[in-house]
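Common to both upcoming complexes is chain A, partnered first by chain B, then by chain C.
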Partner chain A sequence: MTDYDAVVIGAGHNGLICATYLAKAKHKVLVLEARGVVGGCASTREFVEGYSVSDCAQWLSQFDSGVMADMKLKEMGLSLSAPKATISLQPDADHLIIDGDKVSGAGVDTDDAAAYRNFRQMMQRFAKVLKTLYHGRPPKLVEKNWTDRITLMKLGLGLKLLGKGHMQDLMRLALINIYDVMNEYFNHSAIKSAVAIDAVTGTNMGPRSPNTVYSYLHRVTGEYLSGSGTTQVMGGMGALGDALAASATAAGVEIKLGASVKSITKIEDKVSGIELADGTQISSKIVVSSADPTTTFKTLLGYHQMEAGTAKRVELYRNRSGTAKLHLALNGLPSFEGLSADQLSQRLLVVPPLDDMETALNPMKYRDISEHHLFDISIPSVEDSSLAPAGHHVLTALVHYVPYEPSQGWDEAKPALLARLIDQLSAYSPDLESMIVASELVTPSDFERSHGMTGGNWHHGELSIDQALMMRPFPGSTQYATPVDGLYLCGAGAHPGGGLMGLSGRNAANEIIKRGALS
Partner chain B sequence: MSDVSRDTMLLTTPFHSRVEAMCDLNDWGNWMGYTTPNAYFDVELEYFAVRSTTGVFDLSPMNKYRISGPDAERYLDRLVTRDVSKIGIDRVGYAIWCDDSGQVLDDGTIFRFSNNEFRLCSYQRADDWLAWNTLGFDVTVENVSDSIAALAVQGPTSCTVLTLLGCHDLNQLKPFGMAHYTFEGHPLMVSRTGFTGDLGYEVWVPPETAEALWDQLFELGHDYLIKPFGSHALELARIEAGFLQANTDFMPAEDVVRVGRTRSPFELGLGWLVHFSKPLFNGRAALLKEQAKGSRYRFALLDVDGNKPAEHSFVMKDGKVVGTVTSAAWCPTAKANLAYAQIEMPHGAVGDELVAEIYYQRELHWTQLYAPCKVIEGPIFKPPRRWQTPAPPH
Partner chain C sequence: MNQYDAIVVGAGHNGLTNGAYLAKAGLKVAVLERNPYIGGATVSRELHKGWYYSNCSYVSSLLRPEITRDLELPRHGLQVVPFGGGATFMRNGDHFGSYSDHDRHYREIARHSKRDANAYDRYAADTSLQTKLIRPYLMRTPPDPTSLKPRDLRDLMEFAQSFMSLGEEKLLDTIKFWTASVGDYLNEYFETDVIKAHMAGSGIIGTALGVYSPGTAYVLLHHYMGDVDGNVGAWGFARGGMGAIASALSKSFLSFGGEIICDANVDEIIVKNGKAVGVALKDGTEYRAPIVVSNLDPKRTFLDITNSKDLPADVVKKAQNFKIRGSSGKLNIALDGLPVFNGLDPRNRLMAGDLHFSDSLERQERAYDDWKAGTWSKDPYLDMMIPSLTDPTMAPPGKHMMSVFVQYAPPKVEGREWTDEDKDGFEKSVIDQISNYSPNFRDLILHCETRTPREIEAEVGLTEGNIFMGELTFDQLLFNRPFPGYAQYRSPIKGMYMCSSGTHPGGGVMAAPGANAAREILRDLKRPNTVPGGYADD
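Let's turn to the complex of A and B:
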């Protein structure tokens, strides 16, 4: 008799979702979280007294609407803002504004607007096809299994229904890079860059890297499945984590915080449970890890506990990230040239032309600091006054490309980079610097430490074709089961992947239940 | 005209000067990148030296790896299918290793020198696979192929000859045992191992003493009719003795590109080397599945009617092809026409009567022969001297 049916490692969104579905199927589930808070990448942190920020993900745009409904998150207190427009800041203050399928400003003419609308419509069609794959376990291609065959048939039908032209486009585009696709579809430089940044966020790739169209499609598919647009979670992203935890608890899931898993234990050839850092042993029928694959296999299980081919796959798994996070506490609302105060609550981008985006990536490859950076900015306190003292604000920004660890070390490099980033933003907001009360730069290696994500990669592994779908995270460990008996994956390292989507967690639970792993 | 780099040419072993001097036929082959004699003077006579007196074979091209460190035993235990903890110090174990799909990568021998030091001898270069296997283990793997020269000294008088060389009390050494001596001030190790199925030893020395070892062996063994033997005679002896040869009887899984061409230990008749009592080894999960589901092939030893070797033959049952022959020879001592075959399940059980389709040519005239054959239990050639301790004197 085991202590639990399932122990889930990590109270990130996928861990909580997986646990909830398992508990709803009448299983006894324990979720263990090393940190003192739930949510994983969906968490809010008071980074300096009085000022709170979403300390990892800052926008919610891909959360699956079905999971949202199943988890009853609205009833659990989750409140989302209206969809945000994306405003790409231009040096001449004539900013590019993207609102749904509409694009304006920055000298956009009717042809540009039509091109954007057509492009979005095409991407939506592709997303509809990928939906088949995202809503279930990824089908294996060679095994004769009816579930997988049906998925493949649906996929085939979906491709067929696209019509010949679009089907060819999808096949052609899926493996190339966003740089070529942008130049194929658009003439307007700012549109190209504003779209391309979505293809590289959270990755280790530049616009010219192969696989960037796939990572863009992943994002678009998430947006399609979410249907909410890009939104801000009121109370900070932690409110999503709290709502998920409340839903899990209501379903009977037990959550332990500050419970750091030291190792996944085995008896003979089967996983038997886990051991906590304090030495506590907890037994369970299965262990479901929402930690990234490298942490799960290398750190928690240990390479000596698996067959060598698996250890090799894990070791070769790519999970670097070039995304850092800038947090600023401000004693007022900064002004941005060409933006109204209302517009400051929207999603603001600072993205150079495509070629300069690519150039910005290069130094990172050699562990150097780039001269120029890409920013995806949120000033959440405009719409949510709970995050800062009255009249004060917080600004958060996803910043690309920042190396995992520069050659001179972060102790030396960080203050200079922080100053450089503030300087770059000041070009658009001259009074920003004077308002800064406190600042923080969270590098990929900081994310690795704080959130337990190897490489600081919040997709839990590069989202490229060779690590996606029926190969996610790696062959032999797909469909949420692993080569280790009794160990399952439910995090972003499992299909379909990261982005606060919730589908890895839900699909994993469905698969575990279907396999009868707990009966 | 010759500005071809010698670096690209076949290598020679530390015994080469002596091997070359004795290779009357000048018949050379390429064994894993080394110049090795196919035959020295006459394949049959070389073979009979192994069976009747003493034959000497240069096995220096074998790949040798030193595996050491606190986790050496655990490392090897995860690598190979057999239980390495059961191999005692100064003992040798035959082993196979698989990939994660339970398909055989290679076979070889594990020599245990101490708790934490082993030598793995393999047919294939295995540097890459052995390196990947170190992940998670406190172990050092070194390719020591070039720093060890080795001779197989095989046959009924081999113990006597090696005793004359100074290997005292060698007759007390049990099969798969190791004994340590000094030769010309250098360490010399003898293991009672071999690939001929006869009484025999393998002698391991540093390369600098190789030539002296060869010279003294042949001088001391003269009265015991010591002869060198080449790859062709070895092939005959090993087929007679029932030993598998990588790249002949199975394809090392890493070299295979076509689906379904690899083989599992069960499909090679090596299930006895798979120890499921170990909770973990490469291929275990896949092999457990195969055990439950059944294998695709069975390895069969065939006793073929007549005296025409069934080389590359199709094997038929009721007029339908059910398998193919991988190795075949007329075996002079066993006086049997033996063949190894991979037979599709469920055929090929011991006692099963099959037909080998043999083609042979005499003076450009081809003859097709349907030779009845029978699956037999194990090798017919199994002389008591192979297992006797003390080894019988001569």
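Let's turn to the complex of A and C:
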């Protein structure tokens, strides 16, 4: 008799979702979280006294609407803002505004607007085809299994239904780079860059890197499945984590915070449970890990507990990231040239032309600090006063490209980089610097330490095609089950992968139930 | 009246191959060539008295053995001599040698890293698995996955089955291989910088991608899938230079009754009622034929010599978007004697192989960064050879010729055309790099011919000087080459075909596109096929 049916490692969004679905199927589930808060990447943190930020992801745009409904998140107190427009800041203050499929400003003419609409429609058509894949376990291609065959047939049918022209486009575009595609579809430089940043966020790729169309498509598919647009979570992203935890608890899941898993234990050939850092042993029928694959296999299970081929695949799994996060506490609302106070609550981008985006990537490859950066900015306190003292504000920004660890070390490099980033933002907001009460730069290696994500990669592994879909995270562990009996994956390192989407967690739970692993 | 059954535009190796198979089937064929000499980029030319240069393509491996045998190229004078090995010189004065003898090779890798030496066989086996998969498809027309024609469905099924037979894990590994960067692929096996850099070179040659760009592992494969006399992956020199290949092909073509017309610069393909009926030269001469085959790259084919009003709008757009990227240059150097390289005995057989100076992936990637910024690499990746060590007919006794392939050189320098000063700067960066490793090299130079993308385009007609006539990225391979929907050698105009390296299976002196196109043409003419299928000799 085991203590639990399933132990889930990590109370990130996928861990909580997976646990909830399992509990709803009448299983006894325990979620263990090393940190003192739930939510993982969906958490809010008071980074200086009185000022709170979403400490990892800052926008919610990909959360699957079905999971949202199943988890009853709205009833659990989750409140989302209206969809945000994306405003790409231009040096001449004539900013580019993207609202849904509409673009305006920055000298956009009707041809540019039509080109953007057509491009988005094409991408959404592709997203519709991918939906088949995202909503279930990734099919195996060879093994003769009807579930997978049906998925493949549906996929094939979806491709055929695209029509010849669009099918050809998809086959041609799926593996290439966003740089070429932007130049094919658009004349307007600012539109190209504003699209391209969505193709490189959270990766270590530049717009010229093949695969970036796929990472864009991944994002569009998430948006399609969510249907919410880009929104801000009221109370910070932690409110999502809290709502998920409330839903999990309501379903009967037990959540233990501050419970750091030291190892996954095995008896003979089967997983028997886990051991906590304090020595506590907890037994369970299965262990479901929402930690990234490297942490799961290498740190928690250990190479001595698995077959050498699997160990090799773990070792080769790529976890690189080029994304850092900037947090600023401000004693007032900064002004940006050409933006109304109302527009400050929208999603703001600072992206140079494509060629300069690519140049900005180069130094990172050699562990150097770049001269120029890309920013994806949120000033959440405009709409949500709970995050800062009255009249004060917080600004958060995703910053690309920042190396995992520069060759001179972060101790030396960080203050200079922080000053450089503030300087770059000041070009658009002259009074920003004078308002800064406190600042913080969270680098990929900081993320690795604070959130346990290997390499600081938010997606739990590079979202390139060879680590995506039927190959995520790697052959042999692709359908949430792993080569280790009783060990399952439910995090972003499992299909369909990264972003606050929730599908890895749900698909994993469905697969575990379907396999009868708990019966 | 200049009336033929078929006209082939461009006497490069693919044009000649295509012409040979059409002539062999009994057609009256003319191959038209703009230059006063044939061969396109497969030429040997005397650019300095007594020295013969393969001044464009410089080594042979990809040429399909089916074609060599079928067109009896050896009887027409072709002799390919394999060369063994190569070396990468290191900044610390050492070098890494690549030997063709397995045990010698193992010892050399082990001298740098025991672990890498032990990984090598695994690497070689995995890579050759990919080679075996692709080779049977080189001499075949790619099926169209969007088509419902029985032939396409059948070919697709067969294609799918050969992949499925790998089993789940090997299949996924294959997909991974096709999409990975050569840097990541090599990192899976090796730890030593110089070993990775030595092998990564094949992943970037001729390609506007860096060693860290996804897709470059395939380019590596493209350089490994050939053979010399059945030794898969081996490379050799054509005796007398690469022109010997064009010469043997042309003799074969002539033996079937074909006709080669030089100094014939095609201005336009004449189209009447939606059908190709011939070509008009710049000087006004017309040649008539119901079949016109273009051996020019897809951009020149559809944007230069075809009138856009004869084409559907989407094809014009596809041709405009087709990616041909100049990324390489070349230096052909006449030497007064044999240069000496630091740390390598001049009598060492490695001297006759391919020599390089980039001893880390980082240096190769930085060379690519320069290209992205619109300039030639300050520290270029060189693929350097001294063919006269293997083939003494290339230079006077005691003298040598050196061929230096240079990666990267942009098609335009910072957005403007190349100037002579740029060319000098480019040349200097190459000569400086070699001189850093060879103290007597500079003094031995008698003549140096430097070719930037500008010169290659002007002479050979390769757009932007791209040696593959189009990037070897997945969006332009197999059923996507040159464009989706047109990968079966037929153009949108009835009677007009494509046979260049811009079609499947792509660039290199392979001759497969020319042969495959001939098979499709004969099929449309309902004539018996003269083109051999793949021998599947693996």
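Operating definition for what follows: the second predicted complex is superposed on the first by the 519 of 519 C-alpha atoms of A that agree within 3 Å, B and C clash if a C-alpha of one lies under 4 Å from a C-alpha of the other, contacts with A are read in each partner's own complex, and residues count from 1 in each chain.
Basically, a contact is a pair of C-beta atoms (placed from the backbone, for glycine too) under 8 Å apart; a residue touches a chain by one contact, two chains touch by 3 or more.
What you see is a predicted model; the values in this text were computed from it and never measured.
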- Item | First, second, both or neither for A:74, with chain B first and chain C second | neither
- Query: After superposition on the shared chain, which partner residues are touched by A:208: those of chain B (first), chain C (second), both, or neither?
  - Reply: second
- Item | Partner chain in contact with A:102 - chain B first, chain C second, else both or neither | neither
- Item | Contacts of A:359 with chain B and chain C, given as first, second, both or neither | second
- Item | Which superposed partner A:268 touches (first chain B, second chain C, both, neither) | first
- Query: When the two structures are overlaid on chain A, which partner does A:476 contact: first (chain B), second (chain C), both, or neither?
  - Reply: both
- Note on the structure: Chosen between chain B and chain C, the partner touching more chain A residues is C
- Message: For A:307 in the superposed arrangement: first (chain B), second (chain C), both or neither?
- Response: first
- Footprint overlap on chain A, comparing chain B with chain C: 476
- Item | chain A residues touching chain C - in the complex, by the definition given at the top | 140-143, 160, 164-165, 167-169, 171-173, 175-176, 180, 184, 208-211, 316, 318, 355, 358-359, 362, 365-366, 464-466, 470-471, 475-476, 478
- Query: What residues of chain A sit close enough to touch chain B in their complex?
  - Reply: 266, 268-269, 298, 302-312, 315, 476, 483, 485
- Item | Residues of chain B defined as touching chain A within the complex | 71, 74, 78-79, 99-101, 129, 132-133, 135-137, 279-285
- Task: Show which residues of chain C lie in contact with chain A when the two form their complex.
- Result: 145-146, 164, 166-169, 171-173, 175-176, 179-180, 184, 187-188, 209, 212-215, 314, 321, 323, 362, 365-366, 369, 372-373, 473-475, 479-480, 484-485
